[in-house]
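Next come the structures, one after another.
Across the two complexes that follow, subunit A remains constant while its partner is subunit B and subsequently subunit C.
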Partner chain A sequence: MTTGLPYLQRRPAQFLFRYGFGAAALITALLMVLMLVFLVVFAFPAIKFNGWNILTGITWNIGNQYGSGVVTHNGVSAQPGASFGGLVFIFGTIITSALAMVLGVPISILVALALVYRIPRRIKPLANAAVELMAGVPSVVYGLWGLVVLVPWIGQRFGPFVTGHVGKLPVFGGEPGSGNGLLASGVILAIMVIPIMVATMRDVILAQSSSIFEASMALGSTSWQAVIRAVIPSVRSGMMASVLVALGRALGETMAVLMVSGAAVNQFPSNIFQAVNTIAAVIVSQLDSALTDASGMAQRSLAELAVVLFLITLIVNSIARAILHGADRVRESR
Partner chain B sequence: MTHIKIASAASRIWWGASVLSLLAVIGVLLFIFFFVVAQGVPAFRPELFTTVTNGVAGGLANAISGTLLLVVLGVALVGIVGFGTAAWTVEFASPQQRTAIRFCVDVLAGVPSIVVGYFLYVALVEDLGWGFSLIAGAFALAIIMLPYVVRAADLALSAVPRELREAAVALGSREATAFFKVALPWAAPGVLTGLLLATGIGLGETAPLIYTAGWSNYMPSLALTHSPVGYLTYVVWTFISQPFAQSHQLAYAAAALLMLFIFITNLVSRTALEAWGAQRHR
Partner chain C sequence: MRKTLISGFAIGLALALTGCGGGSQSSTATSSASAPAGTAAKSKVFGASGNVHARLLETGSSLIYPLMNLWVPDYQKAHSGVQITTQSTGSGTGISQAISGVAQIGASDAYMSDSQMASQKMLNIPLAISAQQVNYNLPGLNDVHLNLSGPVLAAIYSGKILYWDDAQIKAVNKQYASKLPHKAIVPIHRSDGSGDTFIFTQYLSFSTPSWKSGPGYGTTISWPAVSNGVGAHGNPGMVQSCQNTPYCVAYIGVSFLSQTNAAHLGYAALQNRDGKFVLPTPQTISAAASALVAKTPKDQRISLIYAPGPNSYPIINYEYAIVNPAQSNAQVSAALVDFLKWTVTRGNGSQYLGQVHFLPLPSGVKSLSLAQIGQIK
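So, the complex of A and B:
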């Protein structure tokens, strides 16, 4: 095969065809690596300055811009009093997503089963369209609804009701809070990831041949037993992958959480009603103040947090992929 | 006999819970949808579409046109790169290369949009000095849309029957001609479905745009750099936290418009494109 310049002169269309598309593929292939490397290089001074503090520290303080002198650590300088501890945000990211999964996974399984086995054929397309439409609702719209409907309900009714009845019990007792917080974030995230899980779980169950269901029924199970003891175990890996993909989505979700989390800084929630914060939300909410840091260390520390979030989601998605690779494949859908 | 009765009663209860969950999920969707529409549609007056936002009041002309500009440019960028990637994967890639590309696309789909936004903020807005701008915002949207466009185009192009291409080549056409004149028309509905999906995603994005497009109270200029752009999702996010009824009204109106746009793209891909695609399989 002739390549290079003579090839270009003789057959411009062919050349463009092959190398133009090749260039596009190269961009796609390198994009992820480029983003990660770029962020790590940009964050490198912060990585040196912060050390383990970014993972274990509780205090996020960009320092005093009017203070005199600088604070230097490992040869890198920041404003006096600066401390970039990200543990509150890392904890918040994990706990809100965990709550979303606890609420969302059982419901998603039930909904997916209803879609496959219980909905009359005629209204099936309608129900499927509703689920898909739900996956397409923008996160700010969920955030808007959360802010004006869910948060007041939790703050004025549900929170006081629960704390009033359980008193000083951990997790549920104590201060009912304003409504903005862990519970609101978890519920909104659950509502957002349910359609993603339902769509993939439905496809996974549908892809499994109905003979397992029928065989189990023939052996005398009730239809529910057939589903729970025969069908679901046979598609376990697909279901797991579906949950992990949704988890990856929840971990990285920004706007909806930003609007209902209460934006906690420097403190952990004492119960499910108290304010939290996540890495994604703090990157948005801290930008303005980070820009006032003349040393630039606050901006670089936000980049370091972005790298942490990148790696967390990368690990979760890689596990999902590995599980899928090992067994039946599902096409992920949004 | 009793345990059979218990089992069948349990079965019925669980199926009841299952159907109830479905109804609850659809109920939440309808609640959100009608809540936003009921609050937002009363604000749909001509001024909403002709005047720009002014502090916390005014109209949405700047945000509507900004959203459309960002999405159109983003889809154009992702159309070129995403389609090219899929075409190369299907046409030229070795099996190993194909697996590698598909892996990269899957990983890219899992990258949180805020990470993409922050990356572009540092790289384009600050380092290259483009400032908050149309092109930075369009790049952000394009990167977020990319995996969906590549997957859809890959799927559509892979499904083109082998005989069709072989026939074209046997009749003497070059590989490029066979691709553009035979394979592409066949795969077009699938490729367009991917682009419509990308449009829906682009319409609803917020976090990466805050970092790249910025925000502007003015109509977007067509300048690619150094000129921030307003968009609807920003209005939803910020105006709802203002203590004024007017700004709440604008936030609801923006949310209702977004839902409407997304509903339309969804409807088009579900009806028109599905019908067009179905002709292929007759």
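So, the complex of A and C:
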């Protein structure tokens, strides 16, 4: 194998392909590592100051900016009264994304299957274009719709209706709240990730399964059996990948959630109608005040929350992949 | 090194926020090349030739942003050599970018804290006076003005008063006592850092000892857990949420008066230090401002909240320009001085302030502001 300069002169295109593209691929990975390293370095004093409180604490207080003196913990200082407990936001991030997935995944699978097998050929291009258009709408647009349409509907109609009928039942009962909250956030996130899932699932089904579907039909299955027994098992890993992409988007979504979550601090929702908050949203909403923190600890704690979000995304992804891997192995060993 | 890191991070985040289309707005007003003949004599700095001799960046408070956009075009008509860019980013960003030198003017609804001043000495120059309404959405009662006091609001925002027909609310609203419904109050607060949160929580702190020793005040505070409580993003979010949420209570800057009226929200008469309930009007806001003119120190960092006097409206504040007294460039500092002087003199005219419901600085405060502007080098 020829390498080095002579190789470059004889086959420049091949050289570029071998090394240039490799370098480009490396840069993306490197950027991610650099970003994480930068965040961790910047957040390091906060990691020292907060200890486990960032994961287990409920009270988020950037401290009394106009008071005198500082509080010192593990050799680093913050404003008096400061407590950077992130559990409310960690919980909110996971619960809103989970709700979005519970609502979004079944709908997405059905829509993707319908797009491939059920929608009449004449309107198919239109339906496909609509899905892709929805996937490209900026999140702030969904947020605005949520704030103006969805939140009042939940607050004034749906919430009182449900709580009125189930009374003190946990999760669904209690105070209907204002409409801003867990349900609104979950629904908005679901609406945002459905087009992403539909578009990728549709492509996966199209790419892998037309022959499987037809073969299954030829063997006498109904179309329902063909889809459930033949198509879905064959595209399962592709679908899972699509769900993971969507989950990543939901975990990190900021603007739309910020607009409809009710921005809870210091408390957990007692039912699906009450205010929540997510890590991404709280970083945005607290940043401006954090900038006025003379000790700098508020900014560093927000950076620490960003690291936590990074890790949550990583962990959720790994768990999902492990489940997928395990399922595949079980299937193969049958 | 530590500071560079912090500001670098802050700017990076600020850029990212602008990118995701949050709430940031920015506009650059560039004046035409031909300056009016009268200003030609004004010479070196403001160049009649139309060449831009100085660029100023104003960034920060979203409350001052509309006013800046009234001021800047008119100022530039007469000063074609100066190009001023205005941005609405938030008071905290305004302060930190004025300190880092990215912006020449950091607009802020709150004065800088002692600990911030200790790390970087900046001028806090009042440009105008603003006030705040306490709004509510009580079907059937939005056309009347309920009486609310600091202690009652503090109890609502800490979950000690839960319903509109609570005895404490009835006690200060005897004429409407029978009309107050047994409905859960939804207290709405700002989720983003905000000068409105700063002055509202100051009112609660100064009037209610338990609030002072508890949540305290700041542009963001650690709100007590109230299960019905909701956070809203920005003043537009406050108006929207309160309009959508019957039985809410919210605090909203007076520059949003036309929006709160359009949303048909009621606004309260607030109890002042003398125990009287007063509505936010030009008279009551002026009365509160004049009561504290004599107390305004030379560096002008003072709260105007809960002013004495029977007629004083309790929630008013100075809107500040945060400026570094040591500018790096002589032309920039000359332009900065001239523009700031213009804002507190001609710019304090009612044709500008009236549009955003701000009030001019009392003359005693104006001269303090001018003295501070004179310190810019």
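The rule we apply is simple: the second predicted complex is superposed on the first by the 283 of 334 C-alpha atoms of A that agree within 3 Å, B and C clash if a C-alpha of one lies under 4 Å from a C-alpha of the other, contacts with A are read in each partner's own complex, and residues count from 1 in each chain.
Rule of thumb we're sticking to: a residue touches a chain if its C-beta (ideal position, glycine included) is under 8 Å from a C-beta of that chain, and two chains touch if they have at least 3 such contacts.
In this text, all values refer to a predicted model and were calculated from it rather than measured experimentally.
Asks: So in the superposed three-chain picture, is A:L133 touching just subunit B, just subunit C, both, or none of them (first/second/both/neither)?
Replies: After superposition on chain A, A:L133 lies in contact with subunit B alone.
Asks: Looking at A:G252, would you say it contacts subunit B, subunit C, both, or neither? Reply first, second, both or neither.
Replies: The first partner, subunit B, only.
Asks: Mind working out whether A:I107 is in touch with subunit B, subunit C, both or neither, as first, second, both or neither?
Replies: First partner only, subunit B.
Asks: Quick check for you: in the superposed arrangement, does A:F42 touch first (subunit B), second (subunit C), both or neither?
Replies: A:F42 sits against subunit B and subunit C alike.
Asks: Give one of first, second, both or neither to describe whether A:S77 is in contact with subunit B, with subunit C, with both, or with none.
Replies: neither
Asks: Between subunit B (first) and subunit C (second), which, if any, makes contact with A:T292: first, second, both or neither?
Replies: second
Asks: Is the number of subunit A residues in contact higher for subunit B or for subunit C?
Replies: B
Asks: A:V151 in the overlay: touching subunit B, subunit C, both, or neither? Say first, second, both or neither.
Replies: second
Asks: Please work out whether A:N61 is in contact with subunit B alone, subunit C alone, both, or neither, and reply first, second, both or neither.
Replies: The second partner, subunit C, only.
Asks: Mind working out whether A:A275 is in touch with subunit B, subunit C, both or neither, as first, second, both or neither?
Replies: A:A275 sits against subunit C, while subunit B stays out of touch.
Asks: Using the superposition on chain A as set up above, list the residues of subunit A that contact both subunit B and subunit C.
Replies: 42, 138-140, 147-148, 254-255, 258-259, 283-284, 287, 299, 303
Asks: Touching residues of subunit A toward subunit C in the complex: what are they?
Replies: Going by the criterion above, the answer is residues 42, 59-62, 64-68, 70, 79, 81, 83, 138-140, 147-148, 151-152, 155-156, 175, 177-181, 254-255, 258-259, 261-267, 270, 274-275, 277, 283-292, 294-296, 299, 303.
Asks: Give the list of subunit C residues in touch with subunit A in this complex.
Replies: That would be residues 2, 5-6, 9-10, 13-14, 17, 20-22, 89-93, 95-96, 110, 112-116, 118-119, 184, 186, 188, 191-194, 216-233, 237, 240-241, 244-246, 248 of subunit C.
Asks: Across the complex, what residues on subunit B touch subunit A?
Replies: Against subunit A, the touching part of subunit B is residues 7-8, 10-12, 14-15, 17-19, 21-22, 24-26, 28-29, 31-33, 35-36, 80-85, 87-89, 91-93, 100-101, 103-116, 118-119, 122-123, 143, 146, 148, 150-151, 174-176, 179, 197, 200-201, 203-207, 210-211, 233, 236-237, 240-241, 251-252, 255, 258-259, 262-263, 266, 270.
Asks: Give every residue of subunit A touching subunit B within the complex, in rising order.
Replies: Residue list for subunit A touching subunit B: 11, 13-14, 16-18, 20-25, 27-29, 31-32, 35, 38-39, 42, 107, 110-111, 113-115, 117-119, 127, 129-134, 136-145, 147-149, 191, 194-195, 198, 222-225, 228, 245, 248, 251-255, 258-259, 280, 283-284, 287, 299, 302-303, 306, 309-310, 313-314, 316-318, 321, 331-332, 334.
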